[in-house]
Amino acid sequence: MNSELNLKLAADFVDAAYVRQGSEAMKAREKRITSLLAQRKLPAQGWDDLSIKLFLAELAEMDSNNFAHNAGAGEREARVASSIVADRCFHLAHGVGRSGDICAIQPKAAGSSLLVQLTNVLVKDMLHIAGVKNAKCAIVLPVATGMALLFSLLTLQAKARAAGARAKRYVLWPRIDQKSCFKSMVTAGLEPIMIENRLDGDELRTDLEALEAKILEVGAENILCVLSTTSCFAPRGYDRVEEIAQLCLKHEIGHVINNAYGLQSSKCTHLVNQAFRTGRVDACVQSTDKNFLVPVGGSVICGPHPAFIQEIGKMYPGRASNAPLLDLFITMLHLGSDGYKALLDERKVLVPYFKEQLAAVAEACGERLLVTPHNDISFCITLQKSVDQQPQPPSGDATKTKSATFLGSMLFSRGVSGTRVVSTTDSKSIAGYPFPGFGAHTDAFPSPYLTAACAIGMTKPDIDLFVQRLHKALVEFQKA
Amino acid sequence: MNSELNLKLAADFVDAAYVRQGSEAMKAREKRITSLLAQRKLPAQGWDDLSIKLFLAELAEMDSNNFAHNAGAGEREARVASSIVADRCFHLAHGVGRSGDICAIQPKAAGSSLLVQLTNVLVKDMLHIAGVKNAKCAIVLPVATGMALLFSLLTLQAKARAAGARAKRYVLWPRIDQKSCFKSMVTAGLEPIMIENRLDGDELRTDLEALEAKILEVGAENILCVLSTTSCFAPRGYDRVEEIAQLCLKHEIGHVINNAYGLQSSKCTHLVNQAFRTGRVDACVQSTDKNFLVPVGGSVICGPHPAFIQEIGKMYPGRASNAPLLDLFITMLHLGSDGYKALLDERKVLVPYFKEQLAAVAEACGERLLVTPHNDISFCITLQKSVDQQPQPPSGDATKTKSATFLGSMLFSRGVSGTRVVSTTDSKSIAGYPFPGFGAHTDAFPSPYLTAACAIGMTKPDIDLFVQRLHKALVEFQKA
Amino acid sequence: MNSELNLKLAADFVDAAYVRQGSEAMKAREKRITSLLAQRKLPAQGWDDLSIKLFLAELAEMDSNNFAHNAGAGEREARVASSIVADRCFHLAHGVGRSGDICAIQPKAAGSSLLVQLTNVLVKDMLHIAGVKNAKCAIVLPVATGMALLFSLLTLQAKARAAGARAKRYVLWPRIDQKSCFKSMVTAGLEPIMIENRLDGDELRTDLEALEAKILEVGAENILCVLSTTSCFAPRGYDRVEEIAQLCLKHEIGHVINNAYGLQSSKCTHLVNQAFRTGRVDACVQSTDKNFLVPVGGSVICGPHPAFIQEIGKMYPGRASNAPLLDLFITMLHLGSDGYKALLDERKVLVPYFKEQLAAVAEACGERLLVTPHNDISFCITLQKSVDQQPQPPSGDATKTKSATFLGSMLFSRGVSGTRVVSTTDSKSIAGYPFPGFGAHTDAFPSPYLTAACAIGMTKPDIDLFVQRLHKALVEFQKA
Amino acid sequence: MNSELNLKLAADFVDAAYVRQGSEAMKAREKRITSLLAQRKLPAQGWDDLSIKLFLAELAEMDSNNFAHNAGAGEREARVASSIVADRCFHLAHGVGRSGDICAIQPKAAGSSLLVQLTNVLVKDMLHIAGVKNAKCAIVLPVATGMALLFSLLTLQAKARAAGARAKRYVLWPRIDQKSCFKSMVTAGLEPIMIENRLDGDELRTDLEALEAKILEVGAENILCVLSTTSCFAPRGYDRVEEIAQLCLKHEIGHVINNAYGLQSSKCTHLVNQAFRTGRVDACVQSTDKNFLVPVGGSVICGPHPAFIQEIGKMYPGRASNAPLLDLFITMLHLGSDGYKALLDERKVLVPYFKEQLAAVAEACGERLLVTPHNDISFCITLQKSVDQQPQPPSGDATKTKSATFLGSMLFSRGVSGTRVVSTTDSKSIAGYPFPGFGAHTDAFPSPYLTAACAIGMTKPDIDLFVQRLHKALVEFQKA
């Protein structure tokens, strides 16, 4: 609309002065796009929905499937049968990447390609805002954290093979009881070597000595990497990532960080940033949904060395859905850096309140908040007394255990989602590997407990509602 | 996006050749807008949804409520609380018109204003396509037919008053049993004088002699206008509009045509066009929903003299919803002239099939299709035998009548909408005026009957489904 | 989905416990609908978008055009050509009303009809929340304020005529310089008699003595009604509506209140409510867009006597667009009573800040805020000194006047919308009636001035931005 | 809305008879859902958009993030920041799967989980319709074909390892020059052994003898599987998949079929079906976008043995985006089996026309259509004469080659997408493996050529437009 000719013609319908003002407004938006392309940073202030949709429509116009007179004679022409589907993808139907590289430009889809590239540069800005200033490169993959870890591992493996190091099949892994990161190793055909955590007060921390001892025992030449973790369920603290990175540097072994939802915590991002700076990190993986309030399905891989990150993109066979990138792109424009910072700040401010409220419920019920200074997202309260208090069944522990878990069901059916009750006496086997005390990140944690998270996007009313229901359920549980 | 600078910057992300191709595509769309603004005609080929939405977004950008940094300090700033609402109006929230003129340009809303003006010129093109080539001016009002008639009458009245002719309070009105056109006269404070139709074979036609006699009786100086009708339910045929127009010219009285859904019939449009050319017509009113497949709520007023049509716009007090115009604008771009012609052609082709099928059902049930050559939208079949055949109740006609109407309920509950069963013996009073035999456009039509319409947008499967259900219901009805 | 059978079948796919929880959630929403239907009040807490859309989809299901196997054989079957249009009206395409009554139920469209009825009862609740507790009936018309006034007047007129009182053709009208309310009288064929306002300090107030004198002079038997006004641009204060209502009661003449955007001010609603209680009011009209943050196009007519309000609905000839009702319905569910109250409260809290800031700018520029205690929406500052200060042109006042208006253009081009600069020396003629000093609600206001409004939906940052730009513009203006 | 109570309450607003009819309509839709859940097949007739959206909204209601009073205290609560994003995913934000299994049910998301399960059963029905009647199980993965192949291979590998067969690291692969399937082997850490195709007339076919010889040479115990291909660019024909399956059965080696866009060809589906029945196939992979007209990003893995297919789901580490499943689910409901069959039939009917038109262009330009009876999607015409005819440059072949490719650019810039010009003399290296004559599926194809596809969704006007542009470009090319 904003061509000279069209504006001139419009002035035959509407007073030129008003048309001019409309044109100024269109130019102002053009400038915002210019600024996005030139500065490669989030806008300070988020865009309104109209601007976002308009930009998406313009990008869609640049894709061949939307050319007014395109003649498509290929086997993949981004034809879309349902108008509901076409609408919901904003007519951007070509997905991302090419057969050779998930980050590659698609000749048929200039608009989609531009969206992908912009998403990658903008997400780097978000990482910087969150505190990972040393992230030199970032790519958004349309797969969740587990898969992003898998690709990081496969890429490390391919590099090792290319360098003739076929024996590197072990991954040292400070234990975290979460299935998908464990499966990422196994699916990659690698052999995880679990490093048990050490109990430090109430908290589980990385056993650095055990880790280094294991490196020496197995031999660095046989170890592909260490897979460390930041964000996790308390009472596990984040790993001693900086020291691990230094060990990896020293022993010349790879290092992948699972920073799944760590971007929301300045403690985690500081840690990652330090590790980038002072030690070795090949790739650091984070979830888009858990950090950026988008639907499940994407992840960001970043690192201090662009070359390796780009290698990961090249490992990905074929094209992929653009949905996770599109969601993130929209959300970044919507939030702007001010909006993102506000979300980070709001969480930071709520954490003490969350802990306080949780501690109050615990105390009122004869339990206590565990002291886990190295985790400021997840928190837990003991359930020992609650379980002990219950009317004693004839057959000891097993039933008690069952009871602890029953609190979880009670909460679920009362509309509380996301808490986890850990009996600490359950065991599980994943892909053939045994996990005694599964859920507790250690074989024998002293007490059953309940964890809850103060995650990004949570509000004060959310906390109040949660705590009130928890209190009620816990009281009922103790009486049951 | 399509500025030189932005394209240049985009080429840092995506190969310049692909960006260039995207830019060509954007330019091609710009040209389509140019063509719309310059030629003021429907595009031959309808636009795709992406193009339509993009254009709407660009128009919205030109409205002050969407300016990124607008400071609104008025009592009406088009703020929208719900994002559902903002989305559904494409952020075009200023409505149409100004306090002084429904067709006026809004300084705060250049985009909305342009949309209104474009809608008016494009709808004129549609009228021409449909056959009303002599329509020199057309405006779309965001009110339905009845209200558009009211405004036509009020404007005629205001003109008469301005000319000192305060006595003109009668409207001559060839009877049509439809409430809203009757109410438009009464609401305007005018006095309708009903001209009964004359039965010509099966069909009811304008009684021109009675009309002219009434003019002479009442005195032209006391008559504001004739309100004639084209599209109507059979067995009424369209009025002898051309002859009426000539009478009006001769006696210097106004003439408003109610062409509610007549645009879909080339017979009606030919008639209207002739009336414009050879007689007097002040305004001709048509429904947008019945002719153009949009939701209920708009009308088009056109005429041979732009000045009068524009007067109507000026009579409208205050602003109004843009919804009916927006719906029509989108639909016109969606259809294009090819699409609109195809709809008109499809209906024309289906009419003989519709009549044939309806006649077949009638004959199979001992009834017949009435011969109504001056109505090619609505058709009717007798129900006399069906009513007679029914097991005789003790108390004569009244019950029979009830029976006839009962067929309507049967059809309604079997998912047939839009048919009307007319007992011909019902009477009704509207605004104090008696209508004996209400529904039949005459005091005593010889037989009860059922009408059905072959309207624009109907398909062959629709006809088949309708006819099949009608047949079944009629058989059941006769047995009941 | 939520039938017993479907839930049972779903449990073959998904664990019964999770299905059950989903079913509970669906039932909870069902209950919210129950509550809406049973209590006929806004929900306390606004609904989320998903719930609103789901409810609209369910209503649409109840309309015949969406029946899976409907056979439509009428001339109006709500067929929609464009899927963009179908989407944006949520498939509710039948509009509102029937030919005989805009508030009537449509047999073909149970869902649409229910939406209309609900909208009317919910809006009554909003009126009560806003303070018009004595509103016994309310209807939402899909036309803006001017048209709603027109219909109120036409209905009064029709009633008078029906009672044999053909002479009642005057409307007494305390002057307010706004075109559409004036046109509503003229378009109705009535003769406005303007009652000049009286200057009381800085403020213009109703001249009650003059009003009553005029009643006696013209004769109550010749007067259809008084048309009074609440919300208006300062320095006009709201009319002495309560006293006017009492006069009307005493002299047995009609009374229509133009409460266009008065619902947002508790002062106005208190006034209206008192007038309902202690005097005569036939109808009170308010805008939907100015009070409820929806797009332009609807109005609410309420009054203390349901019968008269319902008469107005019956005057409306034919069907109409449902868009304004749909927008309002969505918005009412979105806001809930809490949300609406919060908007009202926010405005109330901001008014003193707005006045303070405006006064500060005025003082800084040698002007002052006018004292207008009977208007708490619109405020004004003098421009006398600013105009005087300007480099003197050779030819006196006329040019000064031009200068004052020029400030308006300056503000407009700087992205300030909604302010009005009144030179007080302009004159205008509307429909042949002269308005000396047009814009100022009086023939000769002592000083040129600028008005600005603190309207519902305005935020503190909006005020800051506005005031800052105003200051800058005013300084520039004085130097120019 | 459709509870007894709500209907009863609604009847206080709208006549009970109309409410009842609306209720019937709602029940009719309920039954369609029942039918979907009970029969696990596509509806015969596609659903309208309103029904689809309503069903999605109901599913969304069942997810905890949409519970009106949910208290989320986890690290992943499907909070969505942007309403654009929430809308476009229909509030279904939990993605698919759990950490342990991509096909697992999510306790927090009953609706999303049901959608996934339904998608999987409905897609099986689509496979059956397309001709793969022996598909006993199918899952939709939210990754494209290359990744689905990778997962099939990784699962085979894990199974082999679990069975102690660590040596199985070779994949026998009848050559097809397509990067992502090749990369799927390499990324999995496997070693592809390429089996060159044999030229049979104009066509390249599987060299079965060479394949079996290689099995014997390498040793079945070292071979993980054969990766065969159906759909491919002509002049390669589909592989002799049935015979390969029999070889695999005989030698007890795995077999994965890359049936990327083969579902649209009854020849390919027949082949796959036979292979399932008579030989060994572990998994057969197909693209969703290329077969079902949805955006890029999903694939269907099916096979004759449910256990293995389910294993693949379990290999996937973590959750994933639901976007590709949601798109497919919507599209399946939109099309219905009738719609899908119509698409398949339309393509089948167009193929002879496509070939005829392509042959005509070829002949007019002195080229010919290659005879490739075992490929009915992709077709090619020689370019030998066109290249030869060009003004001879000094330095032989290399320049000619360049010329051939130049035709591709010409077509691209003329708005023809999807054709491929193969010079047959290009070479490429993928992941370190050399591909002489890359693009032609063989080291030295006799002539340069151009391929084009008659793919699902193509229309006759598409073909005409394509052929006309091709002709024009080819003529220009010959003259250039």
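For clarity, chains are labelled A, B, C and D in written order, and residue numbers in each chain start from 1.
Following the convention adopted for this analysis, a contact is a pair of C-beta atoms (placed from the backbone, for glycine too) under 8 Å apart; a residue touches a chain by one contact, two chains touch by 3 or more.
If you're wondering where the values come from, they're calculated on a predicted model, not measured in any experiment.
Q: Between chain pairs A-C and A-B, which one is joined by a greater number of C-beta pairs in contact?
A: Comparing A-C with A-B, the pair joined by more C-beta contacts is A-B.
Q: Need the most distant chain from chain D, centre defined as the mean of C-alpha atoms.
A: The most remote chain is C.
Q: Where the centres are mean C-alpha positions, what is the separation of chain A from chain D, in Å?
A: The mean C-alpha positions of chain A and chain D differ by 29 Å.
Q: Could you state the distance in Å from the CA-based centre of chain A to that of chain C?
A: 48
Q: When the C-alpha atoms of chain A and chain B are each averaged to a single point, how far apart are the two points in Å?
A: 56
Q: Two-or-more-chain contact residues of chain D, please, as numbers and ranges.
A: 21, 49, 53, 64, 67, 69, 83, 87, 107, 412
Q: What does chain A use to touch chain B in their complex?
A: Residues 1-3, 5-6, 9-10, 12-15, 17-19, 21-23, 25-26, 28-30, 32-34, 37-38, 48-51, 53-55, 57-64, 66-69, 83, 86-87, 91, 105-107, 110-111, 113-114, 117-118 of chain A touch chain B in their complex.
Q: Using the touch definition up top, name the residues of chain B that touch chain D in the complex.
A: Result: residues 21, 83, 87, 412-413 of chain B touch chain D.
Q: Please output the residues of chain C touching chain B within their complex, sorted ascending.
A: 49, 52-53, 64, 67, 69-85, 87-90, 92-96, 98-100, 107-108, 142-147, 149-150, 154, 157-158, 161-162, 178-181, 183-184, 186-189, 231, 233, 260-261, 287, 289-290, 292-298, 315-324, 327, 330-331, 334-335, 339, 343, 377-378, 412, 415-420, 430, 432, 452-453, 455-458, 462, 465-466, 469-470
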